[in-house]
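Lettered A, B, C, D and E in written order, each chain numbered from 1.
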Amino acid sequence: DPIKIGLLEDISGDLAVLGKPKLNGSLLAVEEINKAGGIMGRQIELIHLDPQGDNARYQEFARRLTSKDKVDVLIGGITSASREAIRPIMNRTTIPYIYTNQYEGGVCDAGMISNGAVPEQQFSTMIPYMMEKFGKKVYVIAADYNFGQISAEWNRMIVKEQGGTVVGEEFIPLGVSQFAQTIQNIQKAKPDWILTINVGAAQDSFFEQAAAAKLNLPMGSSIKIMLGFEHKRFAPPALNRMQAVANWFEEIDTPEAEEFKKRWHAKFPNETYINDMGYNAYNAIYQYKMLVEGAKSTKLADLRKVIATGKACINAPEGEICIDPKSQHTSHRMRLIAVDEKHAVKVVKDYGVIQPYWLAKIGCDLTKKNDKKQYTPSDLPK
Amino acid sequence: MLYQFADVFAFLILSAAGLAIVFGMMGVINMAHGEFIMCGAYVTVGLVHAGFPLPLAQLCGTLAAGVIGVIVEMAIVRKFYTRPLDSLLATWGLSLVVTQGMLILVGSSVAGIGTPPGSFAVGDYTFSVYRLVLFAGALAALGFVYLIFMRTKFGVHARATMQNAKMARALGVPVGRVYALSFGIGAGLAGLCGALYAPTMTLIPTMGATFIVESFVTVVVGGSNVLLGTAPAGILLAAVRTSLNAWHGQIIGQIGMLIAVILIIRILPEGISGFLTRKQR
Amino acid sequence: MLRLVNGAQTVGNGWPFWSSFIAVLAGALVYPMFADSYDVGNFAYFLIWVFMAMGLCLMWGYCGMLSFGQTFFFGVAGYSYGVLAIVLGGGTMTVLALVLAVLLAGLSALVLGYFMIWGRVGGVFFGIVTLSATLVLAFFLGQTAGPEWAIGEARLNGFNGMKGMDPLNIPWFEDETLYFEGASLYYLAIALIVVVYLGLRILLNSRFGNVIVAIREDPQRAELLGYDVRKYQLITFVVGSSLAGLSGVLYTSWGQFITPGSIGLPAAAMPIVWVAFSGRGDITATLVGSFLILFAFQTITVYSQQAALVLMGGMLLATVMIAPQGFVIGIARAIGRLFRGRGTGNATSSHRGS
Amino acid sequence: MAELLQTTAISKTFGGLAAVSGVDLSVTEGEIHCLIGPNGAGKSTLFKLIIGTYPPTAGHIKFRGDTVTEERPYQRVKRGMSIKMQTPSVFKELPVRQNLHIALQHHVTKAELAREEERLLTLLDLAADAGKPAGELSHGQQQWLEIGMALALKPKLMLMDEPTAGMSPEETFRTGELIQQLNGLGMTILVVEHDMAFVRQIAQRVTVLHFGKVFARGSIKEILADERVAEIYLGKTHEHL
Amino acid sequence: MSTSDPVLAVSGLWANYGATPILQGVDIEIGKGEIVGLIGRNGVGKTTTMRCLIGLLRATAGSIRVLGQDLTGQPADAFARLGIGYIPQGREVFPRMTVAENLTVGELIGGPKGKKQPDLVYQYFPRLAERRYQLAGTMSGGEQQQLAIGRALIGNPALMLLDEPSEGIQPSIVQMICEALKSIRNELGTTILFVEQNLDTILAISERCYVMEKGRITAEIPPGGVTSEAVRGHLSI
């Protein structure tokens, strides 16, 4: 009998832009693995449902996949809210859940494995670079929800450590598309660079409007380029002077990456860009395969024994990535990329492999205790 | 500040102008309003990619939305004049079909075309000239609606039809054509909004949704006489939003605008035009 | 009893209707014995939403107030339940949390309703005011991500939603606790539905029902017949909104989770769609219709991937064009015509018989 | 006899237009009082002031000795007023019977409801159409229905704005008889009418309104003989009536 | 009085709302320049007949010929453009438009080539000239009735259909309207069919009458026979 993988990705609604590549990444990995003989000889059956960006649907479908389809593992979710919708349901089962996005970090939950990048891998690298290169004054525009707010918190903490100042912080409600006021505020605050962690298609209009108003400031981000491929969607030079730190972006040109890109484009010739979410989704299934084969079982408890060895690693297109036993987050090879006025992307700095160390540092140790909680710099374990 | 105000005003008016006709005058609760905006934007961007100059592409976008509006009116909306509440359901269904259909057919996002260059500086601030074009567009749309509906025979016939279609027909008004044309004009104005904003925004099939609350709110606050009410409603809401945006950021601006809507309606239960006509008499 | 639940305001009077009602109820009661436990839980989940739809049907279909604010009260009660369940310490206190949360929803409806109705806000203005209030609540809750937004132990947690409340539960035999989940939630929902449905029928077929229908038709005329229109409207609004609150509590308990996404725009439009689609003119149609449409939408979403929204949209469009009174009443009429039956689906002929 | 209704210097202006200005009208308990006057004289506006759908610009209204100027329409109805509006306003989508039911349920006991309904339906000649939505009645039938709803309240003071509009001469006459019969049972009636034959049939006192002001008062004979009234209102052919 | 080519010829007209038949074979024939009344008790179908004659209600059987053209089954605007002016029961002016704008709509009657006569309307109804820019919805009943007639008259119709024109109008204006209608007929040769309940009005202008009962024309009062007794006789029972 096959191994059943439940997948929850939005391919309708506002977030379809992101969900589609995630589905594609999963499909590609499943196809490759099945061709190569499956997991321990068992074929993978991928059951994908489309929650349409609706948290209630995430819950319905998480229940459906776990109790009706009886999947062996659940993968997916885009926004933090969808992840938080899924977690309580998964916590009442013994089925592992893999979250495949880069996110604001801090979830300390034994039932969840995260394979996207987290702030210590992105902000702790990018922000000091930006401050050194462009100056100590930063202005933040962030989407007004948990991701944006917690990311802004990280920024505040790191900027302070480095002796800089946050000259302005603006939280934008999701769905807002008009930024004239914001642009004026930025000009008034005179920052050296802007941290752009605005989210969603509507808020992306910021780049176009800022360019039209000749704002022309350096920008840094943890989600632009590798995730939303804004440099492909907007006419140059809207994204000029954007920098980001990423474990994956399509312009990466190592031989493994080239190989992976070739396979992807062969299967999905019409997709504009392979973003890091699609890439993570692809890796997630290989990581799962590695865990199951290591444990010779699909049970969460057994998989966690493999993680606990500290050797739960695979060779991903970016290089070797491993799951950290204490936080169950994944280490990544991080690179800093920069966009020029023609929207060409080049690697400016290679940070090597960075561990997801923050959770362990603040006291999350899943090998000892299952917190099931999400922590932030201002909300640490007691 | 003035620039910010003009900017918000343009956004409110352009997104509301088409709805003012379709909802305010014709009584159709058009949930697909955003999709007409999207249509105008997509056609514009598509044509620019195909090598058209931007203004021409915008004109085509507007017209395309108008023509589609006429078709939609004849195929669907026509049935719902006598039961406006059901038009909500029908157009909502239509909107779902269109947005998701676009997603499947065209893909999740389309490459942008870039805002026409040009900026000017005032003191420390630089502004995009194109935003002024938007403001001019908003004024033009208001003027156009006013002229068409107040100063032409077609306008008189259209208003007669909307107040009492049967009687208008009995007096010789070709009601079907008048309805189709009015809806077309409304859809075209929505298309204009999309066409004008296309260069400044990310194009996705659900982009219409970002306009819909603002447009309904503006039209309703304007009151039943949209020709009278929409502009002052735009001014009032833009003023509230701009000052709150400047004071404490966009969230407060947005929440504040909605609270202002609640308060305005509470104080003027017939909307701004109701208040103005009462004053007049 | 039958005299109270029957009357001019509700379709479906007389023995053919009531015997099928009993049959459906009996079917529903034995269903869990034959069905997959997932399906039972899933049905329970659909039933949770039906209260909100019935509340809207009361306000909109019977009293002519199109409230866009059902999710406002859904949210108020949902969040209140969450906060209370956590602050009061969970366990059996969840029942108290339920009661208090619904009361809070009712209270907020009283305030908002008083504000609107006494301000002579009517028609589309009513819709826009309720919508604005709803969006304000959603935006507000969306930006409560920081740890400072907490009531006792209960963190609102912004856009990501509030978590960690116990599901509804009562003490059960021998120190056990009965959590309302799966089958027990299903039975709880059925019981509540029966109570609410019959209660609403009694209300609608009473003096009160006659008056609110009159208000829908012509509030001024109703006032000139000596009815304090505003009072009736307010009561209707409070009852209808409290039902949304009940849905909110049950939903929060079901998923132990609630987010501002359940309040904001697409969510706020859903009850209107359910009610309009089922036929807003009748409470039975709304009950049956909302359940079916929830079921249909989920099924479509599960089986048709990207085409789901297209199909749903097409389905809505087709229904309003073919069956203007809503599909339930449309189908009931068609069946009625087929059988030429006297009892079902004919409000006027069996009007106050017996 | 006691004054049932009394308006003192009651006025209503719409913008610049003084629709009713400074009208003192008193209606004595038990009388049939007719209010006539040219189109646009302010008769309907005066009715709306009395029943409370418009707040007055100035002046006040007393009903059965109490000042009701500030009260809302339903409160005045509860005190015993009832109105039939000029343009029929019935609950269009509700069946005829239910229209009556809603008016009756106020004060009629459950047991009597059905009987009362039947009685009114027969009186209004609507028994055959009892199940029809009221909006599907002909214009004249809607007038009847509205009269029926107003009557169902068993008011002390009945305000009737053009009750016979759209009725045939025969029915107009019957309506007159009905009004007299109700009057005989103690109901005070204030009627606006343009049908002089009808006014002659029922009126005990007549007030003429013109440009929002009281133009003349008196018995029907006096009014019909008044040349000023003929000039502004009656025209010439009425002498033969 | 009757001519070889009638302005309006209706034969065997049936019509219903939903399933219940209201008109059950109505025959009417009116020659040019006639003023004809249609009388009957409440609810017998007079308004329904008028609605058929302007095309607002589609007949299920029978034919309607106007000025020699068969209009059966055509929409109302076609009737109007051919030159039929309709004054409905309850006036139905456009409430949120000014008097002048209401009249503008009426100019469509008789088609684009037909003669328009705004001055004549203002001459017959000077009150409308005074209130040219008032919103029609705020005018009194009698004023609205004048507007409704003016609105139909402005397009110089060949046939005017009036449904209870005297309802709610002060006596002197009823007389005035009667006179106006007569002189319109005399000066312009307009044919007039009207429904009426008011005895004085019927007597004042109708030259002959059709009597309607339960959806049928059951009697006809011939020219010269329109007397108080005859009308009363037909309307009782």
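The rule we apply is simple: a contact is a pair of C-beta atoms (placed from the backbone, for glycine too) under 8 Å apart; a residue touches a chain by one contact, two chains touch by 3 or more.
Predicted model only: the values in this text are computed from it and were never measured.
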Which chain maximises the distance between its CA centroid and that of chain B?
D
Label of the chain whose CA centroid is most distant from the centroid of chain E
A
The larger set of C-beta contacts, choosing between A-B and B-E, lies at A-B
Once you find the CA centre of chain A and the CA centre of chain D, what distance in Å lies between them?
75
Averaged over CA atoms, how far is the centre of chain A from the centre of chain C? Could you give it in whole Å?
38
How many angstrom lie between the centres of chain D and chain E, each centre taken as the mean Cα position?
29
Could you list the positions in chain D whose residues touch two or more of the other chains?
14
Junction residues of chain C, two or more chains touched
139, 143, 306, 308-309
Residues of chain B that touch two or more other chains sit at 100, 103, 209, 251, 254, 281
The answer for chain C against chain A in the complex is residues 36-39, 41-42, 45, 139, 142-143, 145-147, 157-161, 163-164, 251, 255-257, 259, 261-262, 266-267, 298, 301-302, 305-306, 308-309
With touch defined as at the start, can you tell me which chain E residues reach chain D in the complex?
17, 39-43, 47, 89-90, 138-143, 145, 164, 167-176, 197-200, 204, 231-232, 235-236
The chain B residues in contact with chain C across the complex are 31, 76, 79-80, 83, 85-86, 88-90, 92-101, 103-104, 209, 213, 216-217, 220-221, 251, 254-255, 258-259, 261-262, 265-267, 269-271
Touching residues on chain A, where the partner in the complex is chain C
11-13, 48-52, 54-57, 59-61, 63-64, 67-68, 79-81, 83-85, 87-89, 144-146, 149-150, 171, 173-174, 374, 376, 378-379
Partner chain E, residues of chain B touching it in the complex:
153, 156-157, 159-160, 163-164, 166-175, 224-225, 281
